[in-house]
Amino acid sequence: MEAIRKSAREKMKGYCRVCPVCNGKACAGEVPGMGGLGTGSAFHANLEALDSVRFNMKLVHGVKAPTTDTELLGLSLAMPLLAAPIGGVSFNMGGGDVSEGAYIDAIVAGCKEKGLIGCTGDGVPEVIHASGNDAIKKAGGHGIPFIKPWEEKEFFDKLEKAEATGATVFGVDIDAAGLVTLAKMGRPVTPMTVSDLEKVMKATSMKFILKGVMTVHDALCAKEAGAEAIVVSNHGGRVLDSTPGTAEVLPEIAEAVGAEMTVLVDGGIRSGGDILKMLALGAHGVMIGRPFAIAAVGGLQQGVETYIETLRTQLIQAMVLTGTDDVNRVESGILR
Amino acid sequence: MEAIRKSAREKMKGYCRVCPVCNGKACAGEVPGMGGLGTGSAFHANLEALDSVRFNMKLVHGVKAPTTDTELLGLSLAMPLLAAPIGGVSFNMGGGDVSEGAYIDAIVAGCKEKGLIGCTGDGVPEVIHASGNDAIKKAGGHGIPFIKPWEEKEFFDKLEKAEATGATVFGVDIDAAGLVTLAKMGRPVTPMTVSDLEKVMKATSMKFILKGVMTVHDALCAKEAGAEAIVVSNHGGRVLDSTPGTAEVLPEIAEAVGAEMTVLVDGGIRSGGDILKMLALGAHGVMIGRPFAIAAVGGLQQGVETYIETLRTQLIQAMVLTGTDDVNRVESGILR
Amino acid sequence: MEAIRKSAREKMKGYCRVCPVCNGKACAGEVPGMGGLGTGSAFHANLEALDSVRFNMKLVHGVKAPTTDTELLGLSLAMPLLAAPIGGVSFNMGGGDVSEGAYIDAIVAGCKEKGLIGCTGDGVPEVIHASGNDAIKKAGGHGIPFIKPWEEKEFFDKLEKAEATGATVFGVDIDAAGLVTLAKMGRPVTPMTVSDLEKVMKATSMKFILKGVMTVHDALCAKEAGAEAIVVSNHGGRVLDSTPGTAEVLPEIAEAVGAEMTVLVDGGIRSGGDILKMLALGAHGVMIGRPFAIAAVGGLQQGVETYIETLRTQLIQAMVLTGTDDVNRVESGILR
Amino acid sequence: MEAIRKSAREKMKGYCRVCPVCNGKACAGEVPGMGGLGTGSAFHANLEALDSVRFNMKLVHGVKAPTTDTELLGLSLAMPLLAAPIGGVSFNMGGGDVSEGAYIDAIVAGCKEKGLIGCTGDGVPEVIHASGNDAIKKAGGHGIPFIKPWEEKEFFDKLEKAEATGATVFGVDIDAAGLVTLAKMGRPVTPMTVSDLEKVMKATSMKFILKGVMTVHDALCAKEAGAEAIVVSNHGGRVLDSTPGTAEVLPEIAEAVGAEMTVLVDGGIRSGGDILKMLALGAHGVMIGRPFAIAAVGGLQQGVETYIETLRTQLIQAMVLTGTDDVNRVESGILR
């Protein structure tokens, strides 16, 4: 892992410092770049919210080889983990000699190889979405394309292209409606009403994930509209300064939507222990963003796979040390 | 904005570091200068109080183009925002080759050009108040002169001069009664009783703003005396160490005076998101101080206008991301 | 003040850094020296406890020239302020060319000149107590000698010498029973029972101050024994790591002993505002330690007098800005 | 002590910085090494939990020479203090020219000389456990061998060897089931059930200590299985990131198991005051880890003895300043 991170540190110079702990402090305000918006407080809040969650360490029990397999969105996964949709290698990551295509291929193929699934991003220029779609096609449809909440025509054109990849699930990162980078490029993205969401779902047979939910209100709207899943997310703190951390709002949202909706979450997840915390707080699965981008830029597919293995080891270790034998039955009592 | 800040950093050298976040830490104790008094805790408390206020990010709704127009103090404004009264370029800001007159002209004209209104300061030497009055005259009376709470004669002389500018509103920054800088120059400023305030209002037809209110007590006194508006303010932390931040006391004060009095607030507001927070906490409008001074010293009228545009973009963005369609109807529920 | 502090910084090199805010961080563990014991947490807690106390700034009132005169321990004082007993210039302060005698003369004479009273310290070597007694004699008995809680004979010998100075009040810093510096020199100091305290009071006609009270228990014992006054103090954090700050325990102690006992307090008081805070928390008067030592080493009697004037200006300013007209009637409502 | 620490700083270079306060910040993530796992939060939490515990300083009483003698696990000890089991000089401590044997001899012999008892560690390579057993044999059985929770055969082989040292007490650090260092070496360690614990106890006549208890659940399991003692411990934060500090969970665990079980605790104890805090929170005795390792590497047996003397002086001082006359009767009321 250290070699991959060292390589990433060189290639991302000027865009990402690949800090010992990726917490949004050094890169505060760097949008475009890898930072959080403004003071970076929303990015950092994700880390703080997770840090404030602590484990009840438990060793007198019989759990020695816990299982991490799960079923999410109709997919069999080796861990309840997805690579979050991030694009824009050239202006967000630097990336050295790594092209948008090479980057997203590494994410999608690395995840597939390890029994997970990768999400692909969207944005300006077009190469972001196009590369994502190509990567998913190459993986036989094993990937989740995300589309930003563009004005009508652009949105439905992209939806059609996404469906053509063979993907069975797609997502909209609705919180991108606040992305400075896109507004500056003259490509407006906007909030959506429940009826906007329904129209989107009618237009495709793919399952729908709404990403960017930070309130019970938006979660219940997504459920009312018929979404398959939500992602509790503040877009890595890149759209609105001063939001809470996702780990703080997750429990109330998970409780509000109930068991029949799939609840995913991202934001500040860095280790296998963090994954376990999010599951204990009510999520069915998690997304990890920046660390996957760093692994892909630093080591391409091999980097992605190595990072996944690290997470798996940490997750199993945390499960053993809390007496948790199955990721599908994580008790809230493992948290203090 | 970066060019303006860079220019300001050079011109204000030794007086203001134009920090990434203007929070009173580096300049603690620098009065005169741009800092807070003593340990700087009252300046910093303003930032901390705002930081502790967080947004409920909300995207499932139909707000795409919110309005920021408002009516305050009988004035039509493009945003609920005033440039706070700050004077003393030479001893507070350094300012390089920028004269007191050039500085305050930039504030007043820049605000007018962008549909806002600027306040002008008072103090020793006389050039501060005189330049402010001149700037307002040039702007056809579109400015708000502030007068410090001097002993009787000096106060009423200055009041007469302020009225002669054509201004329809004036203010007294009563908290200046604690300004070390003035006391050292042998020009006493003092607290005022309700009857002192009434006498002031009888002497003019201009509307009256009392600035420097940090308690329900003082707010109710201002209301009893018949003031049009109050500014919840600790004078940027420059008069008394160890006061709370204004965002902390604003809600209780706004509730106490009720809807019929105009409640303004300053203190640590740096972005459009901060403006929205203050509105959600009960203010009808806000004042911003140091960042306007930096913009004016760094880029004169152009600097002021650019800063206003930045704030407008941020304010609209924060409104969209919280589902707020009108600055005159900001719900407290947008805050977590 | 800056010149005095600069001179002190040179003379105290290696013992005290004369930091911008004297808070025990840089000198943590430096005992002997000017620091707090161990991690320095008890020293720092004094500052933190005071920092957490905040003022309700109030300007609509008629207080323009508040009075600071008071009567304490049968003495008329220009402010409710005493210089705390500190000795040991050579091993605690460095002090350059300043002798123990010159130092304590500066404290006692400077305080007397400004209408206050200085306390003198005790310890090993004998020159500390002897110099203190001399200084008080020169001031016509206007000083308060402190004696450490030595074993019987040494204590009563010193008490006799203290009485011979003409002083009308003396004190015992009972918390010195934890002083590492003395234990290392083979001169044991010990806790005292109520009957020990009674025996001390019977042996002299001077009024008695018990210094080092941090609990209601010890305060009530002092009252039971017949002490005139207590000083809420953790010995500047120099005897026991991990005590609370004095401003935290002061209110409960002041309430427990009631109005008929004089309650003094020291610990982290740096400004006139801090003095006002302690009065609002229930103290009748305060002691300031390290800053007086720094002023005396840096500027001798002139340094002490200048520091007192600075404090007086700050105290009056804080009184005006909170609407307090008399140090003998400070309302707890001035604190938020 | 300073000379010993200076020597340790040189010998442990690259492994331990011998910081002014040993708190896990500088060495975060250094496992192997002396740090805490991951972000180091669990190591640091131990310090924070202790820091948040504060003393009621009390001086009006008759306690002048408190006693620190106690009886623990059938052993007469001069203080309720054990050296915690730590091994692996070469890969955890650097250690310069200090061999595993020389190190553990220093711990065991130094403790015995001062009336305490040292624990010995276990791990890979075999020299760790073997050296520990040798040291205990040389000390006539006066030491406590710890065994990690290995798979069956390895465990019982080591138990037999431990018993052969003449020791009357042994322990299992069950939390080692999370040790990355061992997993990487292909030597699995696992959680244990109550029946696993019972089997262990049946196989030996030595008294049994279960180390690594952080919940009431595990404590009651240990009691049910018949263990003589537990050690409340998060393994110095080296096995699971994000656990609470031991001082935080100690009171609830001590209350749950009741007076008839011996409750020990480690984690962040650095001074005699910390020992007293843990006793006041419900422990019968404490273990100290890293500081003993530093003392042993820096000064061998002499270093260990000097450190013990320092702790004793601090403990007695803290007892005097809180009015505590006996370590076997520490009142919770000495804490604020």
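Of note:
Which chain is which? They are A, B, C and D, in the order written, and residues in each are numbered from 1.
We take it that a residue touches a chain if its C-beta (ideal position, glycine included) is under 8 Å from a C-beta of that chain, and two chains touch if they have at least 3 such contacts.
Fair warning: this is a prediction, and the values are worked out from it, not measured in the lab.
Chains making contact with subunit C as well as with subunit D: none in this assembly. Copies subunit B and subunit C of the same sequence differ by a rotation of 90 degrees once their CA atoms are superposed, given in steps of 5. On a Cα centroid basis, the chain most remote from subunit D in this structure is B. Between subunit A and subunit B the centroid-to-centroid distance comes to 41 Å (mean Cα coordinates, whole Å).
Between the CA-based centres of subunit B and subunit D the separation comes to 58 Å, rounded to the whole angstrom.
Residues of subunit A in contact with at least two other chains: none. Contact topology of the protein chains: cyclic, one closed ring where each chain has exactly two touching partners. Every residue of subunit C that touches subunit D in the complex is listed here, in rising order: 28-29, 38-39, 41, 45, 174-175, 177-178, 180, 183, 190-194, 197, 212-215, 217-218, 221-222, 234, 239-244, 249. Contact residues of subunit C toward subunit B in the complex are 20-21, 51, 53-64, 271, 273, 277, 317-318, 320-323, 336.
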